[in-house]
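Down below is the structure, laid out as structure tokens.
Chain IDs A, B, C and D follow the sequence of writing; residue 1 opens each chain.
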Amino acid sequence: MSDRKLNIVVWNEGVHEANNDPVTMAEMYPEGMHGAIASGLRSYYPDADITTATLADSGHGLSEEVLARTDVLLWWGHIAHGEVSEDVVDRVQRHVLGGMGLVVLHSGHFAKVFTRLLGTTCSLKWRNDGERELVWTVKPSHPIAAGVESPIVIPKQEMYGELFDIPEPDDLIFISAFEGGEVFRSGVTFSRGKGRIFYFSPGDQEYPVYHQPQIQKVIANGVGWVAQPEQFREAPGVSNPAREYFEKH
Amino acid sequence: MSDRKLNIVVWNEGVHEANNDPVTMAEMYPEGMHGAIASGLRSYYPDADITTATLADSGHGLSEEVLARTDVLLWWGHIAHGEVSEDVVDRVQRHVLGGMGLVVLHSGHFAKVFTRLLGTTCSLKWRNDGERELVWTVKPSHPIAAGVESPIVIPKQEMYGELFDIPEPDDLIFISAFEGGEVFRSGVTFSRGKGRIFYFSPGDQEYPVYHQPQIQKVIANGVGWVAQPEQFREAPGVSNPAREYFEKH
Amino acid sequence: MSDRKLNIVVWNEGVHEANNDPVTMAEMYPEGMHGAIASGLRSYYPDADITTATLADSGHGLSEEVLARTDVLLWWGHIAHGEVSEDVVDRVQRHVLGGMGLVVLHSGHFAKVFTRLLGTTCSLKWRNDGERELVWTVKPSHPIAAGVESPIVIPKQEMYGELFDIPEPDDLIFISAFEGGEVFRSGVTFSRGKGRIFYFSPGDQEYPVYHQPQIQKVIANGVGWVAQPEQFREAPGVSNPAREYFEKH
Amino acid sequence: MSDRKLNIVVWNEGVHEANNDPVTMAEMYPEGMHGAIASGLRSYYPDADITTATLADSGHGLSEEVLARTDVLLWWGHIAHGEVSEDVVDRVQRHVLGGMGLVVLHSGHFAKVFTRLLGTTCSLKWRNDGERELVWTVKPSHPIAAGVESPIVIPKQEMYGELFDIPEPDDLIFISAFEGGEVFRSGVTFSRGKGRIFYFSPGDQEYPVYHQPQIQKVIANGVGWVAQPEQFREAPGVSNPAREYFEKH
């Protein structure tokens, strides 16, 4: 493990916050959802450099320079996916393939950075009816499940249900059940290039989910798992080696 | 595909039936659960040779000769797992590794043939409280999901819940939700040696689940998927080939 | 299985053929590589409707109408990936997500339809030095491996070597070894949406690989495995169902 | 991460060493292969408690007490698999399911602890002809591949070739190629219960493979990856919870 600080960027489109829509937003997340997520991470990574960025920032706050020094990017988006520039999507994809960790949260399932890396529609069922969500661990040996209660009980939450149109994940860690009977693969990992991706569905602009300690713990575990601070940041490339190039002469 | 008939053996310990325990057994499954399962299969495989066998049969009805001609073995057991002889377990394991298909049903999760092939405890949560089970498809491209409604609604069923202690399956096809909020990976596949295994959890001695057309369809799809009538029946073995043995001289 | 004929389209950019480059092309593949591939398939699927299409055809021969009736699309491309229109890529992706089978061959690893569906660079090592390739089966229970010799010996072939930058495949069926010591995951499957994808690397414009019976067999097995003639052709979509919508009232 | 020391036990049957067979043994591995492996680990885990145990030790040196405090067990066996007591195999299996890490090396593929946990024959091809082995990384995002050269060049080694009869691994990290053209999935992981398993094939009693720094690095990475010092050591078990047991009242 490197001795340098971990660099974590929590990205949020920030539109719900800017519009105070829903009206509970300002009270529930006075520093925005990104603020709450970043705050949760600080208790787990006191030495890390944890910053936030939003759609409204120049270059969405995700310049080449920022990404180059970022170990883990968290992504929250919902109603403004279409406003994310293709240049930024290209950049994020390239950095993930080169080893940057990516944690995609909740409605980020439709984020361009996620569908681009997965190749599917990432569509799902949804219903905003304040249903109880139970988050069950199904892979207890995975680092992201370490120390996490099973189930995590989320008193009220938007329902996300199958079919969740994602490729077969590398690891299926959590499955959620909702009051109405739907189920959802709510915690899944993917590897793409040299990078690791964790998708975690709990969390929504209408419910105080990001304040729940167990949810914060899962997100912190996810950040720790996707981070590869020692990975040389370069996407895999094509090469045309000579025969026996690997033999030292 | 071979022109010969498919040979299917539905194995049931048959103890609930022998004891008429529960007392609804004789009425609900007059020909035993194996009889109902075999009957369901006959409508999908009218040309197949479909037989049944039970614990009480000589050699449990699973002699070397029987297994050698069996394409697919279905397994139902519950209260008599311990009475299954190790010799039969050895034989079944060897035939599965050699290419015989295996479909394990419901409480068969604790069958020796299953735990032997999987290497884990196969333990789970359970509660017999007549809860509604919803069986959701999560891999619609899999042959076992073909033409299957999502969800299948089972009005009353024993609850099976995570953590289901199985190795990571090759394919996760179905996830079930129960009224009480538990979830279960209810339809999963494994490959072992040259053989294919399908585990499907719906079905119990107290509920008429095996009479539901959609459940029969899943089991029939499972049988079709695990069957390899043209596979040469021999478990993988060790060999010590000469260099370049594969070149035709 | 449906009674209607299987519709198979073998797509080839057709540029090597148009330019007779390499100069052995006209003699080695007088009907183009697509012609040889289609011819190999006809012996396995005598009742299927097998056609070919190329980059030069109007809409690359892949109109909405054509794709809508295609069960399996095979894809060969190499030096003209960049000339494939984004509209066609969009269409192919949508049809694969809806259940159309896709078989990608050799240098098609860099085809836009492949990288779009996979999300990675799909880069690799290569060396065109006429090396012997051995194609080893590592998943003998998979339908694509049925009846296939292990290893298949390809006397002269372009080397493709790891790191092959693809997502973790659903199934790893074949691994190739080359004379120079490189290895390659040469036969892999992916599911995307409701569709199935098979990538198989053997085959090149300079070697008569598509005339080898065992290679033809693998491609035929691949076509059979990705085909879902009864799948309703529609990509997974988002929905907002009412509670208990699945209960029949 | 816990503050306590990591406890690592390197187990070797120790029969080649006891018999000085091959005759190069005493010179090549003066402290036994287990000694060399332990020595390699000490440079990576200077604070860990690293011990060795052999078949000849009482209870093979693997009492309940020893296993209970062991975070990672490494296993080397070859000609005495049959002499390992079933009691010890039961114990090791139970501890792995409860979260103890297991690293199985080379001819340990036929160890009872490995075949028991995997359920397959674990058979393979072999040829002891001093061939060059190249170990290629195919999952560069995995912690076990961190900082490892690709390929690792092993000048002389016993050939292990496919078909390697193992279940589909969770992660395929390394594929080896041998001079004779065979390939082998030489670095694979499995999860079983709450435990993690890493199998790594390089290493043999006739070659000084365990002295190669890159091989030592892979084994050290494997130890780090399978270790779960904070996991509560108990295999998953069956339970019969009341409805809503998870709600705090």
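Everything below uses one rule, namely that a contact is a pair of C-beta atoms (placed from the backbone, for glycine too) under 8 Å apart; a residue touches a chain by one contact, two chains touch by 3 or more.
In this text the structure is predicted, and so the values were computed from the model without any measurement.
Comparing the CA-atom centres of all chains against that of subunit B, the greatest distance is found for A. Counting C-beta pairs in contact, the pair that comes out ahead of the other among B-C and A-B is A-B. A rotation of 180 degrees, rounded to the nearest 5, superposes the Cα atoms of subunit A on subunit D.
For the pair subunit B and subunit C, the distance between mean C-alpha positions equals 33 Å.
The distance from the centre of subunit A to the centre of subunit B, with each centre set as the mean of the Cα atoms, comes to 37 Å. Multi-chain contact residues of subunit C (touching two or more other chains) are listed as 134, 139-140, 151, 161, 163, 168, 170-171, 181, 191, 193, 236, 246. The touch graph of these protein chains is complete, with an edge between every pair of chains. Contact residues on subunit A toward subunit C in their complex (touch as defined above): 93, 97, 116-121, 123-127, 129, 161, 163, 165, 167-168, 170, 180-181, 190-193, 235-244, 246. Contacts from subunit A toward subunit D in the complex involve residues 99, 134, 139-142, 146-147, 151, 153, 170-171, 191, 193-196, 228, 230-231, 236, 246-248. Across the complex, subunit C meets subunit D through its residues 132, 134, 136-140, 150-151, 161-164, 168, 171-172, 175-177, 179, 181-183, 185.
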